[in-house]
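Next up, some structures in structure tokens.
Each of the two complexes below includes chain A, the first together with chain B, the second together with chain C.
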Partner chain A sequence: MDLASNLAIAAGIIVEILLLWETSDRQKKNQPAPGFLSSGLSRLQEVIGLVLLVSWGVIALADYFDPPLSLGALSALQSYIMLPSFMFLFVFGMVSPKLLPRVNEQTIVVVSLVALYGLFSLTQLEWFWLAALLLPALGVFVMALTTRVIHPYLKSLLYFWYLICLFIMVLQSNFEMFIRPASELELTLFDHFIGGAAGIFLLLHSIFLVRFFLMLTALILPSNRYLMTLAMPQLFDDQQIPRLKFLGILALFGVILAFNHWSGLVASVSMLNILILLAVHFLERPLQLTERL
Partner chain B sequence: MKPGRFSALRGLSIVPNALLWFVSALVPVIFLFAVIAAFDQAAQHRGLLAALDEHGRETQAVISTVDFEASRGYIFLSYPIEDGKDGFAVIRTLELYPADWLQSLAPGQAIDIVYVAASPHRYNNEAVPRAYYPDLQRNPGITRDIIGLFLFFLAVAIFRPHFIFLGVVSYDQITLAPPPQKPA
Partner chain C sequence: MLQKLETYGKLADAKVDFVEGHYAALSLVDSNGRSRFIRLDFRYYPREVIAAIQEGDTLTVIYIDAIISEGENAVLAEYYDEIKATPAIPADAWWILGISWLVIAIQPQFVFLGMVKFDLIMTTQSIFQPKGA
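Up next is the complex of A and B:
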């Protein structure tokens, strides 16, 4: 990988961390600092925009001049990217998972369908695996169309399913760019950028999946169950967008996938990653939220 | 019983509980490492099986060394190649094989192996005994120490889950006993 590709991955990681921070702040209803340029934007949103502009400027310059760097220098650069990233993943995935976005049934439906689409397009599964994957997805879909507030224990199972779907995404695609030679993959700088952003997001959730598995296992003892009741409001959101709008968004996502499959505009894995990030960070944002009950 | 002895016994009785609390603080980190180690072992095992499937060759090899201690145990083997020289292969992670078969092995003994041909393949010179190749294909390749670590910390997490929830649930909300149920 050349300098521009490495910078694109680093930029993707930084932008995604800022987005996680911004989403977490917004979901916790923290009063954001007003922006310098517009009162409609928070300061953090302006910082994200600035980082995007500056990073893509630097990436374009690196791509244009393509400085001849030795393998040692490129390896050192990758280490400088990976080391802080793994520190971030460990701290915010295992020690203090404060940056995990809160999700609802609708987000889980989108993530499930995207992950399963990716899985089915890559591999043929036996009927029992198909059933094991499709039944929970169908169950979540039905719940996304209803307005009942579900019990924290059921929420914890849905959240576990959501984490498994993200882990499926990690397994099926996301390490390719780090493992296989760049010449085989023919990825663009945009693919590297999305790979960096989605990589940090998916790995963060994969590490939390380990912890959440322990949390779920602890439910075996009745005396521990109150802990899950306290934990789920931090991870799960009861607000959902109206049913028709949700179905419209789902159809739009389907059209985007079909168009990309037909046109080959963006690498398939990048498109799946974009849709997952959109669902988690932006699904409820442009629409008026509907309070349940 | 004298009062002094009684308080010493009471003091001793809290040691297991204190130890359990101490170990429970380590659960999130060590369990994560156990999971990563298990994934790594399983991935290495699948990688070796894939390499054997694609580039595997069968031959009869002679045992040079059997070491049950170093690097989870290994058997170093040599086999003849075309130009009169000897090729070398190694069978690793001996706990994946039956103990009585391992005990029957001795230097100089001939066994049938399937091995990965030399470079540039990954896992080159790694081998498995021909007789146990089908069993190995059904084995996940995770060693007993990692499974033990996994189960031990899972059990600790069930009995002392408070540190796992810390960070998601605030410190003030965590109580050692569950809060009383509200009357209906």
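Up next is the complex of A and C:
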């Protein structure tokens, strides 16, 4: 893998970590520091924009000049990218999951449909597996169309389903880009960038899936169930966008997928990852929120 | 490693350069005619097979024919199917995992650390401290 591809992966990872931080801040209603350039943007949003600009400038230069680096230098560069990434995943996935974005039923619907679309386009499943996957997706879809506030126990099960969907995406993702020589894979720098961003997001949630599975065991004994009631507000949001706008966004995502399938503009997995990141980070942002509580 | 062996695995004869503790260092010529040094981890093989491996022996191995991470690993061709069939998690570990899970199911407070305030976690009415105790 050449220098530009490594830099694209690193840039994707850094941008995604900043986005997680920004989403977490915004969802916790922390007062953000105002931006230097525009009062409509927070300082962190401006930093993300700056990092994007600078990193793509550096990637473009690295791609243009393509400096002949030795295998040892490239391996060292990969280590410098991977070691802090794994530290981040361990700390924020297992020890203190404060950067996990809060999701609602609508986000879970989008993530479920995208993950299942990817799965069904790759493999054919037996009817019982199909039923096991479609029934929860249908249940979440119905919940996303209602305005009823759901019980924390049910929220925990929905969140578990969301983590499973993200894990399905991990299994589909082409992490071979990290291990195979670039010449063997027909991936663009943009694919590497999205691979880095989606990789850190999906792996963060996959690590948290292990912890959340253990947290779910609190539901077994009635005396422990209050723990789940206390934890769910950190992970689940009760605000949803209006029903029609949500259905419009779903339709838009469908059109994007169909167009990409027809045109082959971006690698299929990259497009699915982009849609998931959009849903998690931006689904509620540009629209008027409907307060449900 | 198994996934990489599945993708890039090639059969070759390798010479044992030296044996040290839990592994042997081998050398072979790869499919591009380059000389490669590889490592044979002993953990997958019976004791008598390991004992029979001596410096200077020639072994038939499956190695990873690509310059990638873990590419230095190889397995004995004769035991490749057995190694592939070895469960990722040994049966003994399932017992330990099961018992650990049972403990967490009874006292799950610590898996909520970092997510729920510590004093709220500790107000739990556990099965060992019934309400009002």
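FYI, the second predicted complex is superposed on the first by the 288 of 293 C-alpha atoms of A that agree within 3 Å, B and C clash if a C-alpha of one lies under 4 Å from a C-alpha of the other, contacts with A are read in each partner's own complex, and residues count from 1 in each chain.
To be clear about the criterion, contacts are C-beta pairs under 8 Å (C-beta built on N, C-alpha and C of every residue); 3 or more make two chains touch, one makes a residue touch a chain.
As the structure is a computational prediction, the values presented were derived from the model and not from experiment.
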item: Combined model on chain A where chain B meets chain C, clash or fit; value: clash
item: First (chain B), second (chain C), both or neither touched by A:Ile207; value: first
item: Which superposed partner A:Ser38 touches (first chain B, second chain C, both, neither); value: neither
item: Contacts of A:Gln239 with chain B and chain C, given as first, second, both or neither; value: neither
item: Touching partner for A:Thr146 - first (chain B), second (chain C), both, neither; value: neither
item: Which superposed partner A:Pro97 touches (first chain B, second chain C, both, neither); value: both
item: Chain B versus chain C as contact partner of A:Ser121, first or second or both or neither; value: neither
item: Which superposed partner A:Leu71 touches (first chain B, second chain C, both, neither); value: second
item: Overlap of chain C and chain B interfaces on chain A (superposed complexes); value: 95-98, 211, 214-215, 217-218, 220-221, 223-224, 226-227, 230-231, 234
item: Chain A contact footprint on chain B (complex, rising order); value: 27-29, 31-32, 35, 154, 157-159, 161-162, 164-165, 167-169, 173-174, 177-179
item: Complex contacts: residues of chain C adjacent to chain A; value: 4, 66-69, 101, 104-106, 108-109, 111-112, 114-116, 120-121, 124-127
item: Parts of chain A lying in touch with chain C, wherever the complex brings them together; value: 71, 75, 95-98, 179-181, 211, 214-215, 217-218, 220-221, 223-224, 226-227, 230-231, 234
item: Chain A residues within the chain B interface of the complex; value: 94-98, 207, 210-211, 214-215, 217-218, 220-227, 230-231, 234-235
